[in-house]
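What follows is a pair of complexes built around chain A, which joins chain B in one and chain C in the other.
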Partner chain A sequence: MGAGFRRYSTYRQATVAGAFTNTVFGFLRCYVLLAVAAGAGTATVAGYDPARLATFVWFGQGLLAVVLLWGWTELADRIRTGDVVADLLRPVHPVTRYLATDLGRAGHAVVTRFVPPVLIGPLFFPFYVPHRWTTVPLFAVSVLLATVLCFGCRYLVNATGYWLLDIRGPMILWALVSGVLGGLYFPLRFLPDALVVPLWVLTPLPSLFQTPLDVLVEIDPTPRQLWLVVLQAAWVVLVLVLCRVVQRRAERRLVVQGG
Partner chain B sequence: MTVISARGLRKEFTVRVKVGRLRRDRRTVAAVDGVDLAIERGEMVGYIGPNGAGKSTTLKMLTGVLTPTAGDISVCGLSPVRQRTRLARRIGVVFGQRSQLWWDLPLRESFELLRHIYRVPPAEHAARLLRCRALLDLDEFLDTPVRQLSLGQRMRGELTAALLHGPEVLFLDEPTIGLDVVSKQAVRGFLAELGATGDVTLMLTTHDLADIEKLCRRLLVIDHGRVVHDGTIEALHARYGSRRRVVVELESPAAPPEVIGATLVTVTPLRFEYDLTGATAGELLVRLAGLPIRDVSIVEPDIEDVVARLYTGVPVTDAP
Partner chain C sequence: MRAYWALLRGQARSQTSYRLSFGIDLVSNVWATALDVFTVFVLFAVTRTLGGLDLHEALVVTGMSACAFATGDMLVGNIERITLYVRTGRFDAVLVRPLPALPQLVLLDLPLHKLSRAAFGATVYLVALGAADIAWTPGRALLAVIAPVGGVVFFGAVFVVTASVAFWWTESGEFGNAFTYGGRDFTSYPVSVYSGWFRNAFAYGLGFAFVSYYPALALLGKPDPIGLPGWVGWIAPLVALPATGAAALIWRAGIRRYTSTGS
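Showing the complex of A and B:
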């Protein structure tokens, strides 16, 4: 875990640039969503008032780099070059080792990428302060689960490299689907229930992004909040097991690239 | 005690070959084709063969990275593929063309991480690191990120990384590839010292035969996936008929005498060369007394020549 933290702390300029970009896009998304909500002419849209919407956007901007929806191709790169051999020669299961590194990376992102947009947003927009004390620890747990879940999904996308070598295709598909159906572009509750409920239960996507943010802005009463987090945890277990199964199958057919 | 053993080891890869415009045929290629090995504790074994002979593939199967198509392997009493993570604690591996260090971190931090990954007690770790630092001259680049190291520096770092958990078996796949003379010597000296302790079993693949001559008593030669020689370097010379050569240079032209047990190979007016086929160099010199000799030199057989002949398809029969 420490390794992940330290590796990312090497690249300071990239961190600053990333935090800046997150903040700029925070303004854009916030203006657009608030304009849409105002256009609807009602006090709330799908349960979100302006303060909740703004908080949803700004915490979402902060979470983006913590959960790290896109841009992780380390495993796929190592498969393509054959360096994955070194991972297999460690006395730790590759999924466990990559997860530990990823949590270190996420820890670094919490400090450097989560905090700036979350501090800047409320200076310019209304801010929703949680009313129930349970919400804050639940949000923390939910973010952790989302990070692990997202790691698992990214690992699976990367692991297609064992078969395909070039993962640009699966990666583009993943970026598209995870952004739209994870709740990054707009709160998923804007969609009709008939669509949202199956999406939430049958796919891990809303658990990546929508769940922690909805927990934070208290859209649901406490029991429902809790259930969403339990659902997240179930997806984490399922996806991590799947990672191990895929890894084992991959090892059986592994061809080390480049001699 | 046998540390590494393999019986009937085989690895096949499927390649698709283009046939006609659209059709592709699947063809099976055996990279390793029935290799048998038995290596005792403390042995230093050189594993050589031409490009594509199956050296690295064998090593990857012995370390548990690749699953063999057929055959049995046991390393340190473990089955490499099934018990790979357990085996990983007991072996050290260096692939000369790959890095197992962390690209973004300085060596010092990489080593510290490895201590955690392998759960090595701090005192043992410190002692081993100290020894490597002294023998491999690591101090001047211990705080440089790995991506900025030169190849020779990185390789010394890789060797250290492979040894910090005190492995019983060390697999080295071309550890001196691309290194300059000084770095090569440092690496060889270090490995020789390691081998001298007798605790570590070492299996080394290389294309630089000087590595083998300096380090390994035993030599395994593999070609087309099969072991074609297993024995000492001397045995290899004997088998492929390498001879010591005596070169005689003269002050003035003279005819070379016929000598029993020595074959004349080249004759020029002022120089001739004999291959010793039974006679000793001393016996030959006695027969040459009386010639106007300016200089005599004895050339030891060159292992590169023997191996080149082996690789280029001098018919290989089963061991004599």
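Showing the complex of A and C:
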């Protein structure tokens, strides 16, 4: 974990550039969603009032780099080059090892990428302050679960490299699906219920992004909030088990190329 | 000219030789823009107007932006790989050839798989023009053609400027995305949804308002709620000219600054 933190703290300029870009997109998305709320002419849209929408957008922009939806190809790169052999020789299981590094990376992102948009947003837009004390610890747990879950999904996408070598196809599919069905482009509750409920229960995608944000803006009463987090935890267990199964099967058929 | 043609043909051959990968890229690129359009539909499921425009009118703005961005991205977008060339010093190889650097770089990486997205963007634009209630005149027809062309040039200039940042700031990473992809998002919606200094900076300071919003208003014959006069939409595509000039200046200054990596 420490190694992951230190490694990402060496890319200082890229971190600044990333935080800047997240902030610009925060403005863009926030204005659009607030215009939707204004155009609807009702006090709330799909349960969100303007303060909740703005908080949803800005915490979402901060969360983006913490859960890291996109841009992790380390495992796939190592599979292609054959370096992955070194991972298999280590006494720690590869899934555990990569997860620990990823949590270190996420810890670094919380400090450098989460904080700037979360501080800048409320300066220019309304901000929803949680009313229940339970919300804040629940949000922290939910962010942690989302990070682990997102790591698991990324690991699975990368692990297709054991079979495909070139993972561009799965990678692009993942980037498209996770963004829109995770809740990044618009809150998923804008969609009809008949779509949202199956999406939430049958896929891990809303648990990656939408759940922590919905927990934070208290869109549901406490029991429902808790259930969403429990659902998230169930997906974490399932996906991590799947990672280990896939890893075991891959190790049996892995042929490393090289001279 | 023959040299450029050779570069282009080489690219076409190498990119299409992996048929499956090329096919996947063709399809997935359409999806990226399709999701942007889908998002507009979802937003209109919960609201009736966005920044004073209804769904059909807003889609003219979105379609024009998608068409301009996708084409500009295909033609010039890969210039953003200059960060890689500058960091590794491979830019030397481009500079020593007896051709100007910019067209070389553009043709060296021309992503043919993005053709599908440009075609999709153009389709969205055409469908939106058909669905919106436009009182067609010869002038409007001309504007409907010229505006996306101006947008393509404008986005091309934005790509060149943000890529040139690499000459001064090698590790700029995602910085350019705020203006390229950010510009696409900004121009996908009516400028009237934004406000304050942010709107002034993006819409008028950087000129993004003139890419899709004002031409669309002129086509639809609607007044601007922000208060600019009606003729603005008719001359809006001219914003591509100063943008191109600025891009050329910044690019030249950047090249002069380039000092390779040394060993």
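Basically, the second predicted complex is superposed on the first by the 258 of 259 C-alpha atoms of A that agree within 3 Å, B and C clash if a C-alpha of one lies under 4 Å from a C-alpha of the other, contacts with A are read in each partner's own complex, and residues count from 1 in each chain.
Following the convention adopted for this analysis, a residue touches a chain if its C-beta (ideal position, glycine included) is under 8 Å from a C-beta of that chain, and two chains touch if they have at least 3 such contacts.
Just so it is clear, the model here is predicted, and its values are computed rather than measured.
Enquirer: Based on the shared chain A superposition, would you classify chain B and chain C as clashing or fitting together?
Expert: These partners fit in the superposed model.
Enquirer: Is A:Tyr31 touching anything from chain B or chain C once the two structures are fitted on A? First, second, both or neither.
Expert: The answer is second: A:Tyr31 touches chain C but not chain B.
Enquirer: Could you look at A:Leu88 and tell me whether it touches chain B, chain C, both or neither (first, second, both, neither)?
Expert: After superposing on A, A:Leu88 lies in contact with chain B but is clear of chain C.
Enquirer: For A:Arg248, is the partner it touches chain B (first), chain C (second), both, or none of the two (neither)?
Expert: So A:Arg248 meets neither chain B nor chain C here.
Enquirer: Contact-wise, after the overlay, does A:Arg132 reach chain B, chain C, both or neither (first, second, both, neither)?
Expert: neither
Enquirer: When the two structures are overlaid on chain A, which partner does A:Arg224 contact: first (chain B), second (chain C), both, or neither?
Expert: Neither: A:Arg224 stays clear of chain B and chain C.
Enquirer: Does chain C touch more residues of chain A than chain B does, or is it the other way round?
Expert: Per-residue touch count on chain A favours C.
Enquirer: Taking the superposition as given, does A:Val45 touch the first partner, chain B, the second, chain C, both, or neither?
Expert: In the superposition, A:Val45 contacts chain C only.
Enquirer: For A:Gln13, select first, second, both or neither according to whether it touches chain B, chain C, the two together, or no partner.
Expert: The second partner, chain C, only.
Enquirer: Quote the smallest CA-to-CA distance from chain B to chain C in the superposed model, rounded to whole Å.
Expert: It is 12 Å, taken between the nearest C-alpha atoms.
Enquirer: Show me the chain A residues, by the header's touch rule, that chain B contacts in one structure and chain C contacts in the other.
Expert: 11
Enquirer: Which of the residues in chain B come into contact with chain A in the complex?
Expert: 13, 56, 60, 63-67, 81, 84-86, 88-89, 93, 95, 97-100, 102, 104-105, 109, 113, 116-118, 145
Enquirer: Can you list the chain C residues touching chain A in their complex?
Expert: 21, 24-25, 28, 31-32, 35, 38-39, 42-43, 45-51, 169, 171-175, 177-179, 182, 185-186, 189, 192-196, 198-199
Enquirer: Residues of chain A touching chain C in their complex?
Expert: 11, 13-14, 17-18, 20-21, 24-25, 27-29, 31-32, 34-37, 39-41, 45-46, 124, 166, 168-169, 172-173, 176, 179-180, 185-186, 190-192
Enquirer: Flag every residue of chain A that touches chain B in the complex, lowest number first.
Expert: 2-3, 6-7, 10-11, 82-83, 85-86, 88-93, 97, 251-252, 254-256, 258-259
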